[in-house]
């Protein structure tokens, strides 16, 4: 029974999706019930799985597709890390989305694809080989698209088109890389410290090319520097979408993919041998700075957050690319930390838009007085992003910095410092406006923010605090990532 | 030059002329005619291909016979369609 | 004696902060703000000092301990925060944003108190950052253009300082192989780490030229906030230097020289720039720069002559304590002056303020004098070259401070009456004055040996007073008009007239791909004969290709280097 | 002498074909086409393929010619558009090249047909002595079944694409005497062709075509009225019966012998004749219907 | 081989029945389709368990007689046809029932559709089973004629014109094919498929193959010879379009694949020529689809592109005797058939609801997106070849083989084609995802119809087929080489 846990986790959202899609628009209660049941169930199952994996359990499920091609679900420590993130945040965001879309149109479609997205994310988390990863990765692309264009405006359609162009293009690169690797190595399962055997010696050039293709493929979703153009545009989507998907699921899927490729396909030694880490790290560094610089000039709140995401997600890549255990801990922990921080920011931003119609930074004046709860959550998120201790962001930055030094790359410190400065430069003005400016004359439209909108950001803000304050506690994100890294680097 | 060679030449020429007509004619009837001529040319070639020592193979004969019947059916269909198109009025 | 768990020191203000989020409890919390540092005060006074504690689960593993040094700092810090809190709550009693102020005040307090007991890098840094960033809100509180500007400058410096500190600590921790301060002190801190840490701390310290934020912030913040900024938070920088970068076994002459140069610059710059300010709080701020420069000088001497450090350190602590109390008394006095209309009452208050002012100037018999004497004896242990000018520096310091005090009190006495400030802000000030007075007698006892009073000790003060009179007479009778410069020193040059800087406009959206969808109409198969031609051509082509292809050749698709052998 | 005759015939065929293809006048072209068909039939008789020759004369030249003549009047003449000379030249060149290629290919290898010995060997088992009929209805009866299916589909197509024109008036009294002669004659000839098909040139297709000629005469004389296209009628039922019976026979043979279209031992001739008889009628009916077309009444 | 007999004969008999009794045509059609489905599944199962099967019709062995050959490839094609046929039949029933036009028109459509459609089915089955080139020629004629009939069924001027062009081009193609058969006969003296390997040895034989491929290119609407196709496929009735696009062209593609498998390494040159044409077709079709203004035309051009892709797959496949790359082509055919049929059925429903099929007018404000649009989207996923569809697996196998050979140019072309297909299909899907301001509050939602079920079912099958690719691949693996 327990062996089927991964499948069950996948199915909670995969099965929910078509059911929700088929539910008539009017059946609000039914839809909400299914949504919440599935989300709750998934959190429970993921908790169960985490405990089982921590106890050393192994989960493998296979389905043959073609000779040499298996659909393979597995659950290892790294899977659990991502799973836990998506399950918990899915739960919170579902609550939020139900509140957010109250009275909106096409909710069945929205929640159907929403569930499908989570299914894809979960699938990515539990993919046991590159092929399975690819399948769920593409599924994620497809399932997200309807959410990006959900509003149906010309702008959102444009964003959707560009999103699709980027992600499908990335998908092609990933596919090519995957096929190539399969052609060279046969099945490519994910296993700690790589699976390529003596290929690095026999076919170094091909492996390098494949690495570039794979990274380009997942790099689109991870919004690595030249491939990041879709992310700010897709912010036209409703807030929960931006929150869960663009802050967490999609970009994290990309980052997670980079981890898998570096750690579990190539292995640290091979990456080092082929000299691929330094370019990747450089790319991540450029992205970190570039995203922040671009964020500075954005007046649209969500766009600013989006550019910030671009910058922050590359921390993860950086942590992976530095090839030092400590940096890896930082990168992996940032996977979680950035997720909860950015989702807090987006949910709060959604509340600003919903409650007061505020969508731009310049309209944030006095928001702290108008919507103190959301603003506090936003503040915590921003400070976390800047890396102010004792919030979650500090922990990852600290580990990244130490890891950079471990790897003999003191420039990482400079990078982190520069990035933190830039983070402060684009977040603090928002906080300043929100807290220290007077609200504009002529009270803006005020709409009631129900508990469904208020609680999730508060909860994630609390998580930010907890993840930072209790970083050293067992089962904290940091603790879990240390566990993972101990497996990858021996 | 044997008789067979002459007939082969005739067949080849029929086919080629018909092809040429098909490539230059716009008129429906001319095209249908060209297709029929092409078919005759091919039938000629097929019969001659099966001719060894003055005897014509029975199987290609059957092929040609079938071909003729098929072609008349298709021609009828083509003409019917062409007439309908020329008929002017539309639904 | 009650054994106090150390975590209670930062936890107390944080607990109040959490209570503040409950609407019903706000009134009570406002009343409790002055008592938030009580646990800290108790811990500082406890004998024996509370035991160190380790909280492994907290952050990256946290250790708290209260050293003797920290206890001294904690003493004046807690007193200052408590009285300033009292004052602030009185002064802002009618302010609609008082709860925001209270929250940030508590947060900064927690940070300031917490960093004194932190025994690991991470929590030290966390508390330090908490204090710095929360103070941003204190500076911004007034909401005017000056506050905005000061806030901007403050936050830029603070964040830059934080980042430098973070980077330095990261380097240091990597070199030390651990994050406890003990490990840090036990290792060789790399130069780059030391420089970065020092830079981060010196920003907070207000050392020239990293002081630019200081006058702006002090004059913009509400007076109680200025009191803690100047009295307590600047000292956190000093504390950090002493704790993180204590002078080691070997002298580090370059660092010492650099720091001494900065200190001397501060001693000169502070009075020069301070005198021309029009705002009494700005003048007081410049005097803080001067005083901090003295401490920097002491620390530099310690770096130059580590063997003298055991002598210098207590002197620095004494100087810090003295400055904290005196400066806080002056700042807290500012709103009290405002409550009084010009007249006897105001004169009395100004007269009372003379006491901390004279103490700051080093009037013999005051705590200032004792502190300076202690410092002087410390400096005497410095390398030979130093003695020549360190004495002069101290003289200049005293002279400058005295000038600044005169200027400050003069300006203060001329400030307009503000009726919206409650009269009872005088109570915390009174308490502060009492602490200063107690300090006058107590501080002297701590010195190992009584020092004789030299004439030279009073001379700078007298000279300053005379010069001030002469100056004011010259201005009055010479009809010299003097407009105080805009605050901000060189930063003022960069300030544009229309203050609010608009955010950049959104970039133009990228081109859309719609053009693809448009096309002219075309009839399909309009020319059927072309289809026939196509068929013929292709058939002939394929036939020819096939006909001419001799034996089946081995065909290589794509890459010619890969040979595909036909089977 | 024979060679000269063959040469003349070949030249004649090509010449008439050129006329058929390139004549400006439609009726002349169709006429030339019919002449070409008869010449080709003649040549095939020369080549020892009388079955095919018969079929070409009756169906290829006769019926197709009749169909083309029918349509020649009805089809709108496409307005002439100036052809690009280049495309004409290209087409000509390619055609010439293609012809050369074909000629080279077909004469480059001596053909060794695999069939004659096999046919000779198996003819005895086939139940008929005319090898062409044996191939058509026994050895490769599946081809023939599908061929009937082609006719069937063409019929359906012609029915579902009704032509919007008033029903053609019968040619009337003038044709009746002609029909009186032709119809019985066609019945007779087709019966003969059908019967002799087993042993000598002839068979269902030729017989059907001849019968269809008679039928057309009847139709043109107005003696036979075709009902509404969809509602059936004897003619339609007959036309459909061809595929139905052939298919049913195939099912029956499969049931009897386990081989689709494998006639039971010794009964091949009966089966073949039976099928041919039905096919003759069906083919005739189909061809008549194909000629007549499906007419949609234009509402007045 | 009973199943094979049923497959080959039953549709024709049912067609006659449907033509003879127009009122019961739909019942004939449905019954025949369902039996056909059952028979094809049984046949596939039998081949899976017992290997290839072969039957000499009338017990006359080839080359004199005609053999029916049922191997894995044939079984896959037959099953594909049967599945699509079932969906099409379902859709056609609803289409016939709800057609808004008058009763007589409707009955004519019904009466015409079923015999033609059943004949198409029969011809396809016969084609897939046939082991003789001349026999295949005859099946092509049935196929061509009935397909033309389906095109012309609606009776609109456009469809008639398209039908005429279709038939004329198809006939020309058939004749070229027949010429090829004649030359093949001239070269080796026989015309059964088993003679194909021998054809390679002589110039005449190769020329014959060249002509046969040229004929097939016309029938399959391969790139420069696709001129007749978009008009035909876009002007036919939805169910008919589905058949034409999904199945009819597959006949020719199947045969091309079959011949390349039989001919083996000997016709590399021809194969490469095919691959080049395929690549060109892929790009051209995609380009035209990108610019199409009408939905049906877009889908039809997408067929041009997909045919190009499949031809490319056939062309670049390694020598089939040594490599299994050709299976990619078969899988692509399968995937395309299911997806394209679903797409046309969906387009039919969309056009029915909207009253037109202009792409720019897809986002109407008074109509919510319906099931058909969803089905279209899923079908689009399959067509693009995104995982986990069968199209993806097909492309995977193809790229896998090409990588082994280092044929990067082809890979680039393939990926480019994929990207283009995503581009033009997303044009439509994006409009189907209308919402917000594009939908009025009281907008109605299209009702469920049988056609929706058919489209959705097919689309889902296409999607799920990727996960179940093991089944067709196992079947294909057994195909004799």
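To keep things simple, chains are lettered A, B, C, D and E as they appear, and every chain counts its residues starting from 1.
By our rule, a residue touches a chain if its C-beta (ideal position, glycine included) is under 8 Å from a C-beta of that chain, and two chains touch if they have at least 3 such contacts.
Chain identities (UniProt): A = Monovalent cation/H+ antiporter subunit D family protein; B = Na+/H+ antiporter subunit C; C = NADH/ubiquinone/plastoquinone (Complex I).
The model shown is predicted, which means the values in this text are computed figures rather than measured ones.
The chains that touch subunit B (Na+/H+ antiporter subunit C) as well as subunit C are D, E.
Separation of subunit A from subunit B (Na+/H+ antiporter subunit C) in touch steps, taking the shortest path, is 2. Central chain (C-alpha centroid nearest the global protein C-alpha centroid): A. Between C-E and B-E, more contacting C-beta pairs join the chains of C-E. A straight line joining the Cα centres of subunit D and subunit E is 31 Å long.
With each centre defined as the average position of its C-alpha atoms, the distance from subunit A to subunit E rounds to 41 Å.
The distance from the centre of subunit C to the centre of subunit D, with each centre set as the mean of the Cα atoms, comes to 105 Å. Subunit A and subunit C have CA centres that are 35 Å apart. Among the residues of subunit A, those in touch with two or more other chains are 161, 165.
Residues of subunit E found to touch two or more other chains are 64, 134, 138, 141, 145, 148-149, 152, 155, 160, 163, 168, 172, 179, 183, 185-186, 203-204, 207, 411, 423. Multi-chain contact residues, meaning those touching two or more other chains, occur in subunit B (Na+/H+ antiporter subunit C) at positions 15, 19-20, 22-24, 26, 28, 31-32, 45, 49-50, 59-60, 63, 66, 70, 73-74, 77, 81-82, 84. Chains that are in contact with each other form these pairs: A-C, A-E, B-C, B-D, B-E, C-D, C-E, D-E.
Residues 158, 161-162, 165, 229, 296-300, 303, 361-362, 368, 383, 386-390, 394-395, 397-398, 401-402, 405-406, 410, 413-414, 416-417, 420-421, 424, 428, 432, 435-438, 468-473 of subunit A are the ones that touch subunit C when the two sit in their complex.
Taken in their complex, subunit E has these residues touching subunit B (Na+/H+ antiporter subunit C): 64, 134, 138, 141, 144-145, 148-149, 152, 155-157, 160-161, 163-164, 167-168, 171-172, 175, 178-179, 181-183, 185-186, 191.
Listed in rising order, the residues of subunit A touching subunit E in the complex are 21, 25, 63-67, 69, 71, 105-106, 109, 134-135, 138-139, 141-142, 145-146, 149-153, 156-157, 160-161, 164-165, 168-169, 171-172, 175-176, 179-180, 182-183. Those residues of subunit C whose C-beta lies close enough to touch subunit E in the complex are 516-519, 521, 524-525, 528, 530-532, 534-535, 537-539, 541-549, 552-559, 561-562, 564, 566-567. Those residues of subunit E whose C-beta lies close enough to touch subunit A in the complex are 363, 368-369, 374, 381, 384, 386-388, 392-393, 395-397, 399-400, 403-404, 411, 415, 418-419, 422-423, 426, 430-431, 433-439, 441, 445, 466-467, 469-470, 473, 477.
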